[in-house]
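The same chain A turns up in both complexes below, where it pairs with chain B and then with chain C.
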Partner chain A sequence: MTIPALRFAGVGKSYGATKILDDLNLEIAEGEFFVLLGPSGCGKTTVLRMTAGLQPVDRGEIYLRDNPLSGVPPERRNIAMVFQDYALYPHMTVYHNMAFGLRRHGHGRAEADARIRKTAALLGIQPLLERRPHELSGGQQQRVALGRAIVRDPALYLMDEPLSNLDAQVRAGVRTEIKELQRRLGVTTLYVTHDQIEALTLADRMAVLNEGRIQQVGPPLDVYRAPANEFVASFLATPKLNLFDGTIERVDGAVLVRTAIGTFRSPNPPSALGGRTAVRVGLRPEEIKVSFALREGEPSLAIRLLEPLGSQVLAIAERDGADVTISVPADAVPEKAERLGVVPAGCVVHLFDRDDGVAVAHFRSA
Partner chain B sequence: MMPPRVMAAARPYLYLTPTLAVLAAFTYFPIARLAEMSLRAPSVGTSLGPWIGLSAYAKLFANPLFWRVLGQTILFVFASVPIAMALALGLALLLDQPLRGLSVFRVLYYTPVVMPTVAVAALALWMFNANGGIVDYFLRSLGIAPVPWLVESKWALPTLILIAVWKNVGYYMIIYLAGLQSLPRAVLDAARLDGARPIMRFFTITLPLLRPTTFFITVVALIGSFQVFDFVNLMTQGGPSNATNVLVYFAYQNGFEYLQLGMAAAISLIMFALVLGILGLVAGALNR
Partner chain C sequence: MIRRSASYAVLVAGLVPLLLPFYWMAVTSLKPKREIFTATPQWLPAHPAWDNYLLAWTAEPFARFFFNSAVVTALIVALQLVLASLAAFALSRFEFHGRRIIFWIIVAALIVPVQVTFIANFMTLAHFGLLNTYAALIAPYAASAFGTFLLRQAFAAVPRQLEDAARLDGCSGLAFLWHVLLPLSRPTVLAFALVAIVAHWNDYFWPLIVTNNNAVRTLPIGLGMFIGQEVTTDWNLLMAASIFVSAPMLLLFFFMQRYFVQSMLRTGIRG
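Showing the complex of A and B:
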């Protein structure tokens, strides 16, 4: 078996009586782009800082290529970190920002220079080498911060929400760039974010973290398609997951899930459903099928608000006090639409246990 | 009525006028008057006297005591300011840590700053008393011979410097501490990951980033130290035999003891120019 590039074995961290991280077990393969996704305060930045050596580990051990890291000072871990607010040395030029770490790690002037020029060319920042950080735009600063990490050719990159201070347009561009760079350089990367889009687009594999515990680990689309519990489903839904109480009926070998907004039918009853008669039903806004052409007497929902997002429109509708957010292609929405009907077939339905929120089934309704 | 555009352009200046008026009346006019006094032979109470040109300055420059006082002032400033600032930075670095009971230490170090100078001077006189003062007592218990602190010429100015450092260090420390705490932590973290050890980090990252703070403290400290008067007046009256005489005290003696107002004005003006010049150099060096 190959040795994982980075391994967390029972890692825990507390501040006083507050547990920040509880028994973190995780293996990241060599060259993998691994994303830790979670809301603020879930402990994800603590994981990065402990890996970097900026914070001590209270319990367990972190291994870098099978070498335990506890007791190794940050400067000897051969890890480079990209910070949320770039953390460039403001009093140094871009060139010296990149040279600083190289020189500290014992590279000679000539070698450092060659590496800086090469990295600058890779990132297209050669014209900026003599500038100082305050003369650069946010996107340029982030690129320099990346360069400072890349130039050292470390065993591991840590990235702490590196895109969150950028404008939306720049962000998408830098995101693509980060992914391409990582592919090209093949350096193991642990990337932390609270942005599900970043996680889905960047990760080879991802872990969802909440309240110091890992909720689910896997390739992004697997996690998206089959969230392990209510929390993961909610966190990977924009703008929000619609949750309803549902009751289960079994008819002719099929299963009917009744909710406030409609009844969904699964032809092959999922085995994990067991003998449950009551569940929580989760429907993502983009996974609900609707129709605006309503027949007389057909059950429908009153539209409270339409929020155009460009190609999609968010419809906020309600029935019997239950709110539903649905994402609809803009050209499917008629002018002055007042009501819509949920089409029972073709919706993606996630079922969760009513008590502990653990997923019991995911299916497309028929 | 002025047209609105002119009004809009004039408004900021209008707002500045009251402050400028107060400054003009109580700062710039007195300075101009001081310059005038230094060129005339004023007598106490009544007239500004006849114009005598630069003769007050000529007399001053011919007086060896003036040069000695000037030298002592410069020595006082350039010894007490760097020592106090270095100590303050050291203490601030020690206190810039997440330790329990830190606020207690901050208060302890800041106490001398809030003490009235008169009280500090009285306390210092007692502590540095050559006849059984507590400092000598401690020295003796360590097997060191007692020092004639304020009694002997060669010890008097260093003693004064010591007391000034003790009084000011807490103030500079608080400012340094504020500066340290506003430093971007991530930048220091980045330096750690880049392989910089603590001392390296201090000189290559912390100190350069603290430059605005250092500049501010330097300016405040230089101005304050050049103007040292109260300690001298309260503790030594410039003695023994002018060993602790400094420019402001010298001006005070000339003006209010010897009633040489023109002389006092000339000394004050020279000091004003000196401080301005030095601040210019400091600004050039630190405030790039």
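Showing the complex of A and C:
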């Protein structure tokens, strides 16, 4: 068996009586791009800071290539970190920002220079080397912050929401760049974010963290398609997950899920459903099929608001006082649309236990 | 155009009372004795007496006083910078018991007029037999509450992420203070150093109390010795001496004014 690049074994952290992190167990493979996704305050930054050695671990141990990290000071861990606010030294030029860590780690002037030139070429920041951070744009500062990590040639990159301070337009570009760079360099990366798009686009594998506990680990699309519980499903839904109470009926070997917005049919009853008769039903806005051509007397929802997003339109509809948010292709929405009907066939339905929110089934309605 | 002229007029009106004493000092320093007290103000010396400067310089051991002032001021400011940055470093970047209380005690020390401490300091120095030494001039000022407070505020403004980044770069503790905190707080350090240099170069009261011997006397004391030392005061010589006593500070401001104004704006210090 290969040794994981990074391993968390029963790692815990508390501030006084508050548990920040509870029994974290996780293995990250060599060269893997691993994303830790979670809302603010879920403990994800604490994981990074503990790995970097900036915060002590209260319980458990973190291993870097099987070497326990506790007691090793940050500068001896062979780990580089990219910070949310870049944390470039304002009084140093880009060149010296990159040289500082190398020189402090005992590399000679000539070697440092060679590495800086090479990294600068890789990132296309050679023209910026003599500038100071305040003379750079946000995207350029971000690139320099990456350069400062890359130039050290560490065993592990830690990235703490490195895109959150960038404009939306720049962000997508830098995101692609980070992914390509990581592929090219093959350095294990632990990346922390609260942005589901970043997690889905960047990760080889990801973990969803909430209240100090891992909710689910897996490749991004697996997590997206089969969320392990209500929390993961709602966190990976934009703008929000539609949740309804549902009742289960079994007819001719198929299962019918009745909800306020329609009845969904699964031809092959999922085994995890067991004998339940009541569930929570989750549908993401983009997983609901709708029709605007309504027949007389057909059940329909009143549209309260249409929010055009460009290619998609968000329809906020209402049925018996319950809001439903649905994402519809813009060209499918007629002018002055007032009502829409949910087409049950083709909707992707997630069923959760009523009490603990654990997922019991995911299916495409027939 | 009119508004502009008006604002210049205001500035000039403000400058005249400010510069007049300097002008009068310079002019008087060049006047022969008989031109000093005249019925009508004499704006320029009729017969410039350049040797006033030589006479003043030799009237008292000013070379010695200059040396003493320079040594004392340099050591005070150096000690203040070292102690204030170390104390400010501890107060701004470390968690320890009593940190807040210590900080507030230092702030409270700012409220106490320095004269209040004179008797206690004098008796302590006398007890150790240190009167009439450089130590007597320097020791009471080695630690500055004002400097500690200013630097603590500047250091506290440096974001934690920068400290984290420095730690990963292998730069923690005093190396972080030296390579990151102090360079980033340069405007504050400069402003404080300038204020301290001026204050201690010009200090009269404390050196007057703890020195009575030319070997350790400083420039302001040397100036004071001109007055009333003989039956009459040689005002022209006193003014000549005043010129060379204040010249270093004027030069300092002349070359550093850019930093000085910037720093004051940045830190909100008033001198």
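One rule holds in what follows: the second predicted complex is superposed on the first by the 366 of 366 C-alpha atoms of A that agree within 3 Å, B and C clash if a C-alpha of one lies under 4 Å from a C-alpha of the other, contacts with A are read in each partner's own complex, and residues count from 1 in each chain.
One rule holds in what follows: a residue touches a chain if its C-beta (ideal position, glycine included) is under 8 Å from a C-beta of that chain, and two chains touch if they have at least 3 such contacts.
The model shown is predicted, which means the values in this text are computed figures rather than measured ones.
Taken together in the superposed arrangement on chain A, chain B and chain C clash. After overlaying the two complexes on the shared chain, residue contacts for A:D167 are found with neither chain B nor chain C. Contacts of A:G101 after superposition on the shared chain: both chain B and chain C are touched. Contacts of A:M81 after superposition on the shared chain: both chain B and chain C are touched. Of the two partner chains, chain B and chain C are each touched by A:Y89.
The intersection of chain A residues touching chain B with those touching chain C, taken from the two complexes, comprises 49, 52-54, 73-75, 79-81, 83-85, 87-91, 100-101, 104-105, 148. Against chain C, in their complex, chain A makes its touches with residues 49, 52-54, 73-75, 79-81, 83-85, 87-91, 100-101, 104-105, 148.
Within the complex formed with chain B, the chain A residues making contact are 49, 52-54, 73-77, 79-81, 83-85, 87-91, 100-101, 104-105, 148, 152. Per the touch definition, chain B reaches chain A in the complex via residues 184, 186-187, 189-197, 200, 204-205, 208-209, 211. Residues of chain C touching chain A in their complex: 159, 161-162, 164-172, 175, 179-180, 183-184, 186.
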